[in-house]
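Labels run A, B, C and D following the written order; every chain starts at residue 1.
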Amino acid sequence: MNFTFTDEQKLFKEGLDRFLEKNFSLDARRKMVEAKESNSEHVWTGLASMGALGVPVSEDSGGLGGAGIEAMIIMQHLGKHLVLEPYLSSVILAGGLVDLCGSEFQKKVLIPELVAGEGKLAFAHSEQLNDEGGEILHTTATQSGNNWVLKGEKKLILGGATADRFIISAKTSETDDKSAGVTLFIVESLDEKISGKAYPLIDGSRVLDIQLNDVELGPECVLGAIDQGQSAIDCVNDRATAAICAEALGIMEVIHEMTMEYLRTRKQFGSALSQFQSLQHRAVDMFINIEEVRSLVMHAAAKAWSESEYERVRAVSAAKALTNRAGRLVAQEAIQLHGGMGMTLELPLADFVRRLLAIELMFGGERFQRRRFADAADEGSEKTVFVSPKKQWKQI
Amino acid sequence: MNFTFTDEQKLFKEGLDRFLEKNFSLDARRKMVEAKESNSEHVWTGLASMGALGVPVSEDSGGLGGAGIEAMIIMQHLGKHLVLEPYLSSVILAGGLVDLCGSEFQKKVLIPELVAGEGKLAFAHSEQLNDEGGEILHTTATQSGNNWVLKGEKKLILGGATADRFIISAKTSETDDKSAGVTLFIVESLDEKISGKAYPLIDGSRVLDIQLNDVELGPECVLGAIDQGQSAIDCVNDRATAAICAEALGIMEVIHEMTMEYLRTRKQFGSALSQFQSLQHRAVDMFINIEEVRSLVMHAAAKAWSESEYERVRAVSAAKALTNRAGRLVAQEAIQLHGGMGMTLELPLADFVRRLLAIELMFGGERFQRRRFADAADEGSEKTVFVSPKKQWKQI
Amino acid sequence: MDINFTQEEISFSEEVRDFVSKHLPSDVSRKVLEHKRISKEDVLRWHVALYEKGWIVPGWPERFGGCDWNSVYLHIFDVESSALGAPRLSPFGLNMIGPVLLAHGTEEQQNTYLPKMLSGEQWWCQGYSEPGSGSDLASLNTRAERRGKSYVVNGQKTWTTHAQWADMIFCLVRTGSGARKQEGISMLLCDMHSPGIEVRPILTLDGEHEVNEVWFEDVEVPIENLVGEEGKGWSIAKFLLSHERTAIAGVGVSKRELVYLKQLASIHHYLGKPAKDDPVFADRIAELEIDLLALEMTVLRVAASEGSGGEPGPEASILKIRGTEIQQRLTELQLEVAGQSALPHLPMAWGDHWLGETPGAVHSAPLAARYLNTRKTSIYGGTNEIQRNIISQRVLGL
Amino acid sequence: MDINFTQEEISFSEEVRDFVSKHLPSDVSRKVLEHKRISKEDVLRWHVALYEKGWIVPGWPERFGGCDWNSVYLHIFDVESSALGAPRLSPFGLNMIGPVLLAHGTEEQQNTYLPKMLSGEQWWCQGYSEPGSGSDLASLNTRAERRGKSYVVNGQKTWTTHAQWADMIFCLVRTGSGARKQEGISMLLCDMHSPGIEVRPILTLDGEHEVNEVWFEDVEVPIENLVGEEGKGWSIAKFLLSHERTAIAGVGVSKRELVYLKQLASIHHYLGKPAKDDPVFADRIAELEIDLLALEMTVLRVAASEGSGGEPGPEASILKIRGTEIQQRLTELQLEVAGQSALPHLPMAWGDHWLGETPGAVHSAPLAARYLNTRKTSIYGGTNEIQRNIISQRVLGL
C-alpha cells in the first residue's frame, strides 16, 4: 500500500495544471456558456497532445494506459479549472465501452481518433429521468436482415452536442430482468434518422436529447456481444462516477481556498471574519469533509478499475455518497461564510457551486449510493467484471 | 387558540413546584436508588393531598378532572425535580385504563384509592423487548367456567415493584390481526400465582418482570369488553408518551440552565467559557431545540386527550420523535460543554442525563415515531377513539 | 390554555379560503405553485384584490386601514392564502416602513405615504446594507449632509431587493458622528426617481435579478423626509429588524412547499416505486414535517406572548433561524427527490411566454435554481449567525 | 500510488490473525466482544502474550525491543487484533511516555523504565490535567520545588485514567515561572507508591471507576527523574499530545463495533423484521460504514505521509475529531437498534462472576453505559473544540 504519486504521475499532474492555467480561464468558460459551446478546440487538442485523452484507455486497445489514479488526476484538475471539455463523456464513458467491448477493427477505427482529439464519442443511455435506480430501457433494436433498426429516445447525453459518434444502448431481447438483453451500438451523429436538441444544465454545461427514428445500422455497428451490454455499462458508469467524484474534489478544494481567503480579508465588527471562532470551526468542518472525500476518491480511483465487482461497487458508491453529502456541506458553508457576496453570480464561487450541484444530481444521489453500497453482495468479490466475447483485456 | 395558563393552572403549578422543592431533593433520590426504592410515602401522599393523583382522571370516574395540559404541568415538574414516584405508571397508564374501560363498580373501588394515594396501580403489557412496533402478545387468558386463567410473562413494568394491583393485557382470541383479541384484567399483586423480579433501569428507576403461573381470576376482574382492549391500550400509551415528553422538557430545561451556569463561571485561557463564540452558538442550538420541544409538548398535551385518533397519533408521535432527537442533542452538548466535569457521576447533571436517556429508550424511538406520524391515516380524523361497552366517558 | 382552534377561528379559515379562491388570479396562483417567475404586475393584482377587500394591512389598527387581527388570525391568513398560491406581497412598505411610520412617523408622513402604500400605487424598497456593512450594519458609510431644507445623500446601498420596482426607498444614513458607531445614524425616505440615484442589478446564484446596488450621488432629500429624530435612526432600525424576524419564519409558504414535496415524491420514483413509499425518503419528509409543526406552534406561541402591538422579543430570532433552515431543507429535499431531472436549466421556461418544450420534468425545472436562491434566507434579515449572537447575549445572558 | 494491499501485507494480516487466535485468552476476547468489564489482569495476560511474541511495541526501533513496523503494518495489526477481541493495551507507557523516553530520556531512564514497561511489570499513568486546567493545560498549578537531590511535588492531578492500576506516573509540573505560562513547566517521572500520593476514584456517568484524582503532598521525586531539561516540559507534552491523536482514531475498535452493530441489527427487530432489513436503519448503518472507511483511508494516508518516525502534523487532529465522532455514533446507533431492551442497568452483570439472569437482552445490557462512557472521547486527549482550534490556526491559517 503506497500513497505516493510516481514521478511520472507528478510530472503529468504539473504539466496538466500549467497547461490549463495558461489555456483556460473562468472568463473563457463564461463566454463559452454564453455562446452555447461546451468544447474549445485548442483546449481539447492540447489535452490530446499531453496524452490526457489516451488515459485511461488500455494500451491493448490503442490507448496510453494508466487507470483510475491517472483518471483521478485528470478529473481533479478539470474540476480545479472548471473545464467544460467532454473528457468524462468521450474518454471515460464512451471510450471505456469501446475499450472494454470493441472488436479489433472497431478499436482501430475509434481509439486513435479519440486519443488524438480528432473524434469525440458520447454514451447515449438514459431515457427516463425520474426513476432513480429503477430505470427501464424502452429503446429497441430489432433485426432486419443483417441490419439492426433502432427506435426510441435518449436523454441527457453528456457531451452529446459535440460528439461525432454515439454509443447507444438498446433492448435486443425482452426479459423480465431489466438489466438483461441490452446491446450497445455505434452510431454516427450525422445519421439523418437522428433528431435532437441540445440544452444547458444548471452548471452551464450542455447535454443532448435525441430521437432515434428507425436508425438502420449494419452488423459492424454492434459493440460487444448481443444482449450482454449491461455489465460493461455498469462498469463504465462506475468509472465515470469515481472520476466525477475526483472532479468534485478539485472543485471543493478551490471553493475552500476561496472561502479561507474571504475570511482572512473580509472585516466585520472591526475584525477579520477569520477571528470569529464559530466561523473558524465551520471552516474546519469544511476542511475535514474535503479530506475525507480525498480519501474515498483515491480509494474509488484504485478500485473502479478493479476486476472485483464487489470492490468496485462498494468503493464507488461510498465515494459518491460521501462526495454528495460533503459537497453540499462545502457549497452551503462557502455561500454562508461569504455572506451576501456568496449569493452573487459575479464571484467565481458561483460557477464552482453550480458545477458541484450538477455533479451531486448526476450518477445517483446519496441515499441511492448508500443502499447500493450496503446491498453489494460479498460473493461478488471473486467474480470478474463481465464476460466479453473476445479474450480478456488487460487491466493496468 | 390560547396559550395562557388559567389562574387555576398557575396556582397548581406554583404549589407543585414549591412542594417538590421542599419535600424532595436529588440527595433523597440518590438514597432511594441506593436503597432500591422507587416511591417515598411522604412525597406520594403529598402529591395526593395536592390533588395531583386525581388528575387527569375524569370526574365521572371519581377523579378530579383536568386533562393533557394539567398532566403536562405535573410531568414537567416531576422532570424538573427528577422525582421517582410512579405517577406516570399508576395514574396515567393504569388509572387511564380504569377511567376509560372500568365498570362503575371497578371505578368505585379503584379510583378513590388511587386519588387518595392509598392504592397504586401498574400496567403490565410488554413481553418482548426487541421488536419495536412489531411486538406480539403471548400471554393468554383462557376461560375456565366463569373464571379466567392467565398464563405468560410481562416485562419492564413501570412502577410495578410498588403497585398494589396490575392491569394485565392478555390474548383472549386468536386472530391474524395482532392488535385484536386483547382483553384487560385487574390482578392483585399479592396473588400467589405471580412471581417476579424488580431491577433498576439506567436512570435508577425500578421496574418489574413477572410470571403469570395460571393466575385464576373471577369475571369481575375483566376490565372493559372482551377482546376489545387494544384501542384503550393505544390511547393510554399515547397519553403516557405525551406525558413523558413533558417530563423530558422539564429535564432539558434544568440541564440547559446548569450548562449556562457552568459556561458563565468556568474559565479557560483567561476567559469565561461563555465568551467563546462557538460555545455560545451551541448553547443557542440547545435552547432552540428546547423551545421546539416545548411547542410540541403543548401540542401533544392538547391532542393526547382528543377524540380524534388521527390528531392524537400525529401530535404524540411528532412530540416523541422531536423529544428524542432534541433530548439527545441537549444531553450530549451539556456533557461536552461541561468538559471532564460532564463525565462525572458526581454532578447532578449525571442524574438528569441518565433519566433523559431512559425516556429516549421508552415508548418508541425517533424513527419509529416518525413512521407512525407519517402513516397515520387521515380518514381517522372523524373516528372516535374506541368503542366502549358502556356509555361514552366525558372528555374534559 | 387551549391550543385548539376556536369555532370562530375555523370559520375565519373558511372565509379566507373562500376569498382567496375567488379573488386570486388563477394564472398568478399557478405560477406561484409551479415556482415560475413572478412579475411586479402579478403581485400587484393580488395586492389590489386585498386592498379592495380591506385586507391589505390586516394587522394594523382599523383607523389606519387595518383590521386589528390578532396573531392567530394573521397566521391563519398566511397559511390559507399561501396554500392556495398567493404570491408574497412586497414587505418593504406594508410590513416594514409602514409600521415604522405608524409608530414614529409624523402625521404628514403618514398622510403622504400610507394611502398610496396601501393602494399599491407607491412601492417601497429598503436601503440598509452597504458593501462594507453587512452583518455589522451600524458601520454604514452613506452620508447625508444637511444643506438648507434638504439632506444631500452620497453613498451606496446594496442587496436592495426589487429596487427596480420601487418608487421610494427608506434608508439608513450617517448624519453625524458619535463615540459609538450606532450614533449619528438617521432614517430618510427618498424618492427613487430623484436625480442622482442609479440602480444597478446584481444577478444572484440562480441567475435571476432580484437584488440591486443603489448608488446615491448628491441626491437631495427634503428634510421633512427624516423619520424620527436626526441621529436616532438606529433604534428605529432595530425595531424594524425584530419585526422582520417574525414574518421571516414563512410558515405558510413552507407548508405549501411541503405539500409540493409530497407531490414530487409521488411523481418521482426511486428503485421503481414512488419515492414517498421508500422508508428513507418518508422518514426525511416526516422529520421535516414535524420540525415545521414545531415551528408553527412556536410562531403562534411567541406571537401570542407578544400580545397585540408588542415588540417581538429576542426569542423571535428562533423563528428566523428555524424558519429559514426549514425553507432551505425543503428546497434540498425537493431537489433530492427530483434527482437528475432537476439538472436542466432553462430560465426562459419560467417566464410568462414560454411555449417551447422543457427537458427534464416541467415541475422539476426550477428546483435547482430555487435551491440556490433560497440559500439567501440564512443570510438576509440579519444572518443566522447574528441571530445566534442575539439569542446568546440577550436571552441566555452569555 | 497503489492503495491496494501488497501480497506481503496480506500475508502479514494472516499471520496476525493466526497469532491472535492462538494466544489471546478466549475469556478475555469474549469479555471484550460482549462489552464486559475488563480487569488489569485481563489486559496483562494479552500484554504478556504480545511481549513474549516480541510484538509489544512493534512500531519502535528494533534495538529498543520493537519491530520497526511501518504505519500500514501497525494499522493491519490494530484492525486484525481488534476484530478478534483483543483488549486495548494500556497506552500510557507503550504509546506515550515510552516514545518520549526514546526521544528525550537519558540512557539511564531508558534502561530503568523501558524493560519493565515492555514486560508489563511496571504500569504507567498520565498526570496532565488539573481541576483548573483542562483544555488550557498550560495553566497548570502543580508545583515541584527543588530541594537537594529531589523535587518536592505538591498539587493535584485529575482525570487520571487507571491511576489505581499504575506503578508510575509521568506528570507535568511547574518548576519555575516565565512570561508565558508555557514556560517553567517540566516533566517528572514519579513512583505511584511514594509517600504523599493519594488516589481518589472519580466515578463516571456510566457508574464505572476508570479515572481518578491524584493528590500530591510533599512527594519527593529524585532529580534524575526529570525528563529533558527543567522548564522545557511543554514541548515534550505537545510531542506527546500529537502522538496521542493518531492512535485515538481507533479504527480497529470501530470496525469491530460496526460488526457488532450489524449483529444487533439482525437480532433486534423493527416492525416485525430484523432492523437491518429496514431501509432507514440500513441507510444509517451504511452512512456510518462509509464514514469509517473514509477515516481508515485517511489514517493510512496521514500515517504514510508522516513516514516512519516523523511527528504527526496538525492534520492528525482530523483523526481525533472524526475517530471519536464515529466511536460515539456507533454507540448511539447500537443503542437505537437495541431500543428499550437497553434500559436495564445491572453493572454487576458485566463483571466476572455474575451467574444471575440479565433482564433485557444480555448483549444489550451494557449498551447504555457504553454510550454514556463514550461521550468522554470528544473530551479527552484535547477536546474536539481544541482540535478544531488547532486545525484552524495551524492548517488553515485563520
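Quick note on the criterion: contacts are C-beta pairs under 8 Å (C-beta built on N, C-alpha and C of every residue); 3 or more make two chains touch, one makes a residue touch a chain.
None of these values were measured; they are calculated from a predicted model.
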{"item": "Most distant chain from chain D by Cα centroid", "value": "C"}
{"item": "Pair joined by the larger number of C-beta contacts - A-D, A-C", "value": "A-C"}
{"item": "Centre distance in Å when chain A and chain D are each reduced to the mean of their C-alpha atoms", "value": "42"}
{"item": "Mean-CA-position distance for chain D and chain C (Å)", "value": "52"}
{"item": "Whole-Å gap separating chain A and chain B, where each centre is the average of the chain's CA atoms", "value": "54"}
{"item": "For chain A paired with chain C, centre-to-centre distance based on mean C-alpha positions, whole Å", "value": "40"}
{"item": "Overlap residues in chain B, where contacts from two or more other chains coincide", "value": "276-281, 367, 371"}
{"item": "Multi-partner residues of chain D (each touching 2 or more other chains)", "value": "279-280, 283, 385, 388"}
{"item": "Chain A partner contacts - residues on chain D that touch it in the complex", "value": "1-6, 9, 72, 279, 282-283, 285-287, 289-291, 293-295, 297-298, 300-301, 304-305, 315, 318, 321-322, 385, 388-389, 391-392, 395-398"}
{"item": "Residues of chain B touching chain A in the complex", "value": "276-278, 280-281"}
{"item": "Chain C-touching residues of chain B, taken from the complex the two chains share", "value": "1-6, 9, 69, 260, 263-264, 274-275, 277, 279-281, 283-285, 287-288, 291-296, 298-299, 302, 318, 321-322, 367, 370-371, 373-374"}
{"item": "Complex interface listing, chain D residues touching chain C", "value": "278-280, 283"}
{"item": "Residue ranges of chain A touching chain C (in the complex, touch as defined)", "value": "126, 129-134, 155-156, 197, 199-204, 207, 209, 267-270, 276, 278-279, 328, 332, 335-336, 339-340, 342-346, 350, 353-354, 357-358, 361-362, 365-368, 371"}
